[in-house]
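Common to both upcoming complexes is subunit A, partnered first by subunit B, then by subunit C.
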Partner chain A sequence: MNARRAFKLMIVDDSNIMRRRIERSQQFEDLQVVGTAGNGVEALALFSQADPDVVTMDLTMPQMDGIECIGRLVALKPAVRILVISALADKATAVEAMERGANGFLNKPFTDRQLNEAIADLMRRA
Partner chain B sequence: MTFAGTERRRQLVTAGIGTALALLMGTVLIMGFRLATHMRADIVSLQTASSLQAYPEQIAGQLNALRDRLEVRAYAGQSLADLQDTVGRFDHDLKRLQAGNPDLPQLAQPLRLWRQYSPVLEPVISFSGQPYVDSDTGSTLSREGREHYAAVKQAQRFAAENAHALRQQLTVLAASLQRAASNAAASLRALLAAGVLAAVVLAAVAAWFQFTRGRHERAAREAQEQTRDILRTVREGFFLLDADYRIGSVWSEALTRMFNRKDFSGLSFEELLKDLVPPATLATAAKYIKLLWGDRAHENLMKTINPLGQLEITANDGHGGKETRYLQFDFHRVTGAEGVRHVLCAVGDITSSVLLARELQDSQESANSQLDMMLGMLHLDPLQLMSFLDTSETGLKLVNAIMKEPARSDAEFRRKLAGMMRELHSIKGEASILNLRSIASRVHVLEDMLAECRKKPELTGNDFLPMVLKLDELLAHLRGVREMGTRLTSLRETAPSTAGAPAGSAAAQPAAAASGGVTPQRRAEDLAPALKGMAERLAADHAKQFSLSVSGLADVPAPYAATIKDCLIQMLRNAAVHGIETPDVRRAHTKNAAGSVRVDFRRAADGFELLFEDDGAGIKPETLRSAAVLRQLITAEEAAAMDTRTSMALIFRPGFSTRDEVSMDAGRGVGMDVVARSVYAIGGKIGVSTHPGKFTRFRIVLPPIEGAQSTAVA
Partner chain C sequence: MLYEQELKTFVEGTTNFFEVAAQQPATLGSPYLLEGTPAVHEYTGVITISGKREGVVYFTAPKAMLTVLLMKMQENDFSHETMRDLVGEVANTISGNARRDFGRDFVISVPSVLSGEKPDVPHKPGQRSFIIPINWRSHSAKLVVSLS
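This part shows the complex of A and B:
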């Protein structure tokens, strides 16, 4: 925790409410939201400019779904940490996301505490 | 690995000790050999030196003898020869001693003195002439003889003067040699003692190492046995997966029970699951296992997304059948300095937990259904409910009695089975009509057990044992329903408003109802609403549409009420399941989508008549015949010989059904035989007429009852 640098967070979710919820619930002084995207295409467009360290990623989204987006983001920046936040309880999808490069998984619905713990875990590993 | 390292070190130490022991023993043996060789030379020298000590005196004596002989002019040849021999041997032995001990200082003096003997002795021993000449006065010394005599005389005087000194010197020499031999012997003894001591020490060290090695081996063996015991006893399946996702050589015995195989060593994880899970699950599992080896996986995350947390597998039950089991796979990464070395996989059989959870869910649902039933009972007349409970209890007691009947042969057991099924079927029918689903479903379970029994090739008394429990459970449930009914009755009585309830009649019988006894006179009622309720349920359950019209049931005489009710339940069930077609089929046959069922009870000239008619598919005699052949009620030959009338009569045979699939309402092969038997029992007759594709009509004729009052079915 010495020489703390600010981690940059990008939120990708097609639900405006969920984006706000995630943005509001994060409680880290050293975490700064650098961008939000409503689908995979927007996320890719924003990614290079925002250069986030941590991304929260929904899976079911229009235009480009989360699974594909994860693969592309990791190809652009292998060091990026991706937390999948999804209502899909399907383990196969979770495994698929991990295989593409996700680093964490959080099921919807979640509590603020669960979200913060998951993000903190990713920041530790970043 | 630690054990292997220790073992290697121990082997090296043992080899080192062995080598040291061999070197030491070799050195001792070589030194001993050399010492022994020296000792042997010393002993030979000592013997020589000892024998030499006598020579100086002997030479002096022989010279004396030679002089004496020369002086008396006697024969001196032998004395000279003896002297020559002695001097020769002495000289030879002394030189040999010198050759064997060149550096021996004590040898110098005798050698020096002996060299002084040589010039004196040489003229004597080299004499070879005639010492005497004969004359008239006797023998005198010849010239050679006189010279010889002079030499002998000089030598004799020299020997007499030096013999003692020479002997002394030889004695000193012998003593010196003896000391040398003695020293060598002492050295050899010391060497041997040292060798033995070293050998003993080394042997002790070797024994100590052997002992500690044995102890370690014992400990290792015990550890192995303990590991084996753990792996044999533990209920979870344990194994390690290597980087190629293959199972290691050590695994717990529980795996054999879980997977019905033993060839786990070297088996790939995919092969393990291949025949047990769908391909999609297998693919996900393979990806998941791969992720476990990556650096992004960590325990909690991997646990969250574990696709094998509750895996349903279908496996052989070991008796030729299949069984469904639930397995839980847990994965733990075993890491070392170089990263993930293995993945430890723990498999638990959670079938009982899963089933328990389901049972809990079922019991929750059952509680809900009981609540539903209670609410349903609110709409039932208490007396109607009590009547049902009375007859059901009686019926179950009859089932119990049939079960307890002695039987020995398979045929006897099958007869018992058929009797029990008929009774249960009636109870289920009545429960259904009253919408008491919790009872109907319980009876259905019991019927399922009986049906399973019937499939067995050979029946024994033991096959009936599980049913005793279920029967008790059912009776207990009936008691519960009765209690609930009684409470509801008293609730109704104590409620401030009893509007809509048949207050007067209900109030007249609460005690009898509560006591569970059969009340001789139930309140008159109409079966029609109950039948209509059952018709609606049957239509919904079997995706059929039909209307039910009922007339004349209020005129059913009391003695016939129960029989008529049983018959109507069964016939309505048959009509809904077999008779009325589905709306699509009906439309295809240019019939109304909704069918109709008509029930008509009326007085006839010779008693009473019940008509039951549906406008459904009718009954084809050939269908009845083939169904009867299929159920082995008749042979194919008998079927071929049957006319239409006899074929139609098959419907009243015990165990007959045209339905393959068993449902709550038909298909068990009992029903119409119960109807027929109950009709015959009260002296009635039953007949069936049908037209395939148009209708089926049952006509039941019952004899008149003298003095009987008409009453509704109770």
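This part shows the complex of A and C:
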């Protein structure tokens, strides 16, 4: 019998509410939250130790924003899959995030269903 | 002078948060113009705008409304920091909507959060503000658009 692969998720957002919301709302038994970070610097510090397969990434954060952090995480682990979750709804921002290596974009605010569909899409590609 | 479409963008950014995050839409009260610095509630999320327009846009809400909003979002932390976080997220949504609709004509700041009694809300002397009441359940907040 084949064991289902377990995925590891890291959540990066400067809002405590959003970090808890994402952690609480994701409904995948095979997805384990391995760490949360409040900005890009914390995310980088945590990344090597947590070794996530999937990352949710806010963009507007203090110290190091999400755009810069995406590039750095992808340089460390090209196979990581990154879902941007941001209120920045303009096309130019989404394109920039994708060019840095993000794999999906979800606008805030979001419903549980939208979040789970977006994460499922990334897990399929991880 | 503010254009209707500009106001609509700010209003939709605000009401969209209630509709999606709390799964319960907010309704608008009758907007009005005010001279002088508008009164604020306990928690206020502010974005500063420059470029084609200059000024501030802010969402200000009472603690009671934010508490119920957090409950609707399945949140169980009702601390001061969480309240600040929440109005910051509403302001963030307003900011994101404005960036999408106005593009580079507007330079929009990262939201800041004010709280406590009589916080120092940025206001240009002589500037009139549009006040749009945001009603949700039994509570009322305000969206203040103060741009020249």
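Going forward, the second predicted complex is superposed on the first by the 124 of 126 C-alpha atoms of A that agree within 3 Å, B and C clash if a C-alpha of one lies under 4 Å from a C-alpha of the other, contacts with A are read in each partner's own complex, and residues count from 1 in each chain.
Definition applied: a contact is a pair of C-beta atoms (placed from the backbone, for glycine too) under 8 Å apart; a residue touches a chain by one contact, two chains touch by 3 or more.
Just so we're clear, the structure is a prediction, and the values are computed from it rather than from any experiment.
In the three-chain model built by superposing on subunit A, subunit B fits alongside subunit C with no clash. Of the two partner chains, neither subunit B nor subunit C is touched by A:78.
Rounded to the nearest 10, the angle at the Cα centre of subunit A between subunit B and subunit C in the chain-A superposition is 80°. Once chain A of one complex is fitted onto chain A of the other, the partner contacts of A:87 are limited to subunit C, with no touch recorded for subunit B. By the document's definition of touching, of the two partners only subunit B reaches A:95; subunit C does not.
Within the superposed three-chain arrangement, the count of touched residues of subunit A is higher for C, of the candidates subunit B and subunit C.
Of the two partner chains, subunit C is the only one that A:111 touches; subunit B does not reach it. By the document's definition of touching, of the two partners only subunit B reaches A:103; subunit C does not. Once chain A of one complex is fitted onto chain A of the other, the partner contacts of A:21 are limited to subunit C, with no touch recorded for subunit B. Taking all C-alpha atoms of subunit B against all those of subunit C in the superposed arrangement, the shortest distance found is 8 Å. Shared interface residues of subunit A, touching subunit B in one complex and subunit C in the other, are 91, 107. For subunit A in complex with subunit C, the residues that touch the partner chain are 15-18, 20-21, 24, 60, 86-91, 93, 107-111.
Looking at the complex, you find that subunit A touches subunit B at residues 91-92, 94-96, 98-99, 101, 103-105, 107, 125. Residues of subunit B touching subunit A in their complex: 280-281, 283-284, 287-288, 290-291, 296-298, 301, 304-307, 309. Across the complex, subunit A is touched by residues 16-17, 20-21, 23, 70, 73-75, 77, 81-82, 85-86, 88-89, 92-93, 95-97, 99-100, 103, 110 of subunit C.
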